[in-house]
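Input: a single structure, listed below in structure tokens.
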Amino acid sequence: MTTIETPAPQPSGALSSGNRLLTLASRYGTFVAFLALILFNVAVTPNFLSLQTLNVNLTQVATIVIVATGMTLVIATGGIDLSVGSLMAIAGALAPMIFMGQFFPVESMALAVALAFLLPVVVAALFGLFNGFLVTRFSIQPIIATLVLFIAGRGIAQVMTNGNLQVFKNEGFQFIALGRIAGIPAQVVLMIVIGAAAWAMIRYTVIGRQIIAVGGNEKAAHLTGIPVKRVKLFVYMISGALAGVAGLIVVARNSASDANLVGLGMELDAIAAVAVGGTLLSGGRANIVGTVLGAFVIQLVRYTLLANGVPDAAALIVKAGLIVTAVFIQQRAGRH
Amino acid sequence: MLLSMQGISKAFAGVPALKTASLDVEAAEVMALVGQNGAGKSTLIKILTGVYRRDEGSITFDGRDVDFSMPAMAQAAGIATIYQEINLAPQRSVAENIYLSREPKRFGMIDHGAMRRGAEAVLKTFNLTIDVDRPVAHFDAATRQMVAIARAVTQNARLVIMDEPTSSLDEREVAILFETIRTLKRSGVAVIFIGHRLDELYEICDRVTIMRDGQTVAKSPMADMPKMALVRHMLGKELAAFQAMAPEADAPMRPVRLELDKAGAGVRVRDVSLAVREGEISGLAGLLGSGRTETARLIFGADRMERGAIRMQGQDRSFREPADAIADGIGLVSEDRKIDGIVPDMSIRENMTLALLPKLKKAGIVDRARQDEIVTRYIRALGVKCASPDQPIKELSGGNQQKVLLARWLATDPRVLIVDEPTRGIDIGAKSEILKLLRNLADEGLSVLMISSELEELLAAADRVTVLSDGMSVATLPRKDLSETALLAAMAHQEAHQEE
Amino acid sequence: MQTILRLFLVKNAGDLARLGVILALAGLILFGALRYDNFLSPYNILSFLRYNSMFALIALGMAFVIMTGGIDLSVGGTAAMASVVAALLSPYHWAAGLVCGMAAGLAVGALNGFIITRMRIQPFIATLATMLAAYGTGLLLADNQSVSVSYDSGFTVIGQDDFLGFPIPAWIALAAYVLGWLVLEKLPIGRHILAIGDGEATAGLMGLKVERALAGVYLASGTLAGLAGVTLASQFGAGQPTEGVGWELFAIASVVVGGTLLSGGSGSIGATLAGALLLAMVFNILNFENGLGWISLSAYWQSVIRGSFLLVVVVLQAKLMARHRST
């Protein structure tokens, strides 16, 4: 029977060994998996310990980390954001249109590039706000509320570009993906800055603590005067904006924007990173460091399999197993 | 004797919930089962219906020893339970709900015709003629309850347990329900009626079983049990412990800080007027279900007030959100710490400063130095026993959690503090500590509104007590008139005392 | 707006929403018939039915899942995998392709049921994961390319031929819907599914076998997705491991537009079919409109329009629910 909850009168202090194992797994599992992957690759994968391998993995993981950071905040409030991939497509479609002068004539390229950075992110943030509006104003379950833009968002991007591939070459704009700051790829710097900022926000700021409180006990949060709705609007907005940033990176990296492909499946990678990183999907926690680690694990699994000749398809199956296992362990351990 | 439960004991994690409790029900009688929260009523019922297993004792039902290990077994034996929240599938039709899991079938398919006719027939025995094809959700609470009863009857129940069946009914609906109960009685079915509204108990019940602290403290025919005695049995008394801190009896009358004037919302709060004065502890008493917690939520803006007025220092206020009330200097320590109070995974430090956070920020960042200073101060002042301020609050004992929640509001420097059952689930030592603390705060000028179902607490700490009964404030007793008898009388609503 | 809404609210909200989708479908057909010459031509009708049958199948399974308050995001991946399995086995016998394709879907459904009822993982996460796994398996089996079906074994008959003048896929879908209607309306399990969606805890207390019913709907959804995959392979002559992206959303939108509450506990088979047809017809009309040449709305508008449909319906539902709670 699933239904009748007896308040299990277990003698406290005597956790069974199975439960202790789960707790250990939930706390250190991701890190162990990360280390194991690295060790495995060092031993097996040729040329793993090279700067190039590091670069490839870092640049590929950057967008996952950025989107997953926003996702972590949303999940911390007990929500979910399925629309991130579509919002990436919208931002990715908008940016080239701006600096290629499809909205207004480009008089100063510097200004156009600045706008190409700014406007798409603002638009994505507004779409995120729309998600939050549906969730708070109508009390629609987050899965469904963000499903709307998950469907329509990519369509909007496709309609804007008429489904055409936009190819471009713009050094100023592409600095975000191809440039280097002190020898480190710009997107990696961006990833670090965003991750660190989110980490600091969760840890040190009022809004950060309020996010955790809303996810931890919404009723209690409301009764302590926390503006629950505003907090939720905020996290969906941030998630949208970060998806926008990730969209810019992807198109800049490819020198092309394809609304059909940008951000496809990103919601899965982001949710997987959060789950593998140890943030409970039921809310009340936001482990940014874990999310970053989770994103790395997902990226490394994919890389390991590919580098060793395992087809991409098998990587999907492994990812599926990873998600289920991670969520299962978190949920079980979270009950104690 | 239809049901006989004797010497039932049950402990959870070593903490006894029932100590040799007993309950007897004859066929075709309505037995009232009363007691305060935590008296053991629901544990006893859950043991009967197979949700819990007993540690000791014997149960005979219909002449046989029984030991149900799950609810389905009790149902099959003829014991039906109708829970407070009425367990029906709201979007399914009346007929389906009555027959769910036992649908009449023809050729393997549901015989909708037979189901409809059966449902109509059984409802007709309760004088209820409704469209049984409409979803249950379309009907009022009383009708839904009768559908649940009809379900029980078609299961051939010999005993129907009703858990606070009238809590969400209005007077007319209560009358309909009682008529149904009488019909059940006539057909030989016994009813265990768990309730708190005294007038209703006296109207419908034949006998009463009173429980307190996990024991059965009295059994009697309803007619032989005066209201006063019933309330006294329910509440018990341990007055001596707190007498020491009683305030001066002839303190001067201070100005009113918070006033509620004929406030109401829904059926739980009908007409409540009360005043909380500066530097005083104002008690709010009443039996379970009399609308105490609901009144507190109304004041705090957690629920919308539909009627009446609320005034702070003489000025009309309308709080749409708790945040509004907080901004006006009101704090609420809620009754259920787990559901409405603590954020379990957060640390003591964070739980303590949750309401204060907006005032603790410098450019959006939590001023950690000030936070630590405040937390350290209150941990010391209130004597919170913890390993460190960073310990998750869920690891603390109930009393220490309560102190953290008190500190949460004290840190906001409130003018009015509402405490709902501040000593519930707290050991006796911590109890008097918390009461002393409230007394000291009041002496320093804070206005406290203390909701409590423990008379001795009110007698010990309150400067005046407003008594609620059935959603209405029926009496306000000033310090000099406060006595156990006066409170009991007001709660039993026999005579209304009025201040001045 | 408010008055229209109130009009909707006076009576049974769910029924009126369902009536609404049928009226909208009728209106759309009328619009098409009056505006475009060939809209009601046998060719358009038959190819419309042939192509959209597989979506209707998936929507049917999704309807049952959503009635329990769950969701099945794996149907697209399952259909893709099943199409590959069917195509690979079609040379042996047409029935081998059919049965094994459906069995592949059933396997995914069983896995979903296991993860949801035994491991207690939310349906949305569980089926998200199995969606990945299904795509992965399909791609592995197909070696990353589409797999031609055998044209000799008669496998293509399933998707391409007619019976009594109507496409066989349409007959299959019709049979599935009739069966679905019987299960929901006439068998106890159908009512139990709805009662579970109304409240799992309550359903358990009323003596229903909750876990078994839940596992059952995911099994059904997986099997129907498998059948859709078989249809896909047969109709287009190839198992297509990358097809099916976004099918789950089409199905969810159909179910929701068909008046089934996403919170579970209510739903109608007929209105689900109407919802699926309505969404498909939007696409069909878009094609005709472009054919007129006055405007040029690209095919990409369809997802925007579908999303808007979903938005309107979901917001309306939320308002109905809020109203429902307050009374």
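Labels for the chains are A, B and C, by order of writing; each one numbers its residues from 1.
Here is the rule we go by: a contact is a pair of C-beta atoms (placed from the backbone, for glycine too) under 8 Å apart; a residue touches a chain by one contact, two chains touch by 3 or more.
Predicted, not measured: the structure shown is a model, and the values here were computed from it.
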Most heavily contacting chain pair (counted by C-beta pairs in contact):
A-C
Of all the other chains, whose mean CA position lies farthest from chain C?
B
Cα-centroid distance, chain A relative to chain B, in whole angstrom
44
Indicate the whole-number Å distance between the mean C-alpha point of chain A and the mean C-alpha point of chain C.
29
Between chain B and chain C, tell me the centre distance in angstrom, where each centre is the average of that chain's C-alpha atoms.
46
Can you list every residue of chain B that touches 2 or more other chains, as numbers and ranges?
71
Which chain A residues touch at least two other chains?
1, 4
Could you say which residues in chain C touch two or more other chains, in rising order?
201-203, 205
In their shared complex, at which residues does chain A touch chain C?
1-4, 80, 134, 138-141, 143-145, 147-156, 158-159, 162-163, 268, 271, 275, 281, 311-321, 323-324, 327-328, 331
State the interface residues of chain B toward chain C in the complex, per the touch definition above.
71-72, 75, 83, 87-92, 96, 100-101, 103, 105, 108-110, 134-135, 137-138, 151
Chain C contacts chain A in the complex at 71, 115, 117, 119-122, 124-126, 128-133, 135-140, 144, 200-205, 210-211, 241, 246, 249, 252-253, 262-263, 298-308, 310-311, 314-315, 318-319, 321-322
In the complex formed with chain B, which residues of chain A make contact?
1, 4, 6-7, 9-12, 204-207, 209-210, 212-213, 216-217, 219-227, 284-285
Flag every residue of chain C that touches chain B in the complex, lowest number first.
12, 14, 182, 186-188, 191-192, 194-195, 197-199, 201-203, 205-208, 261, 265-266, 324
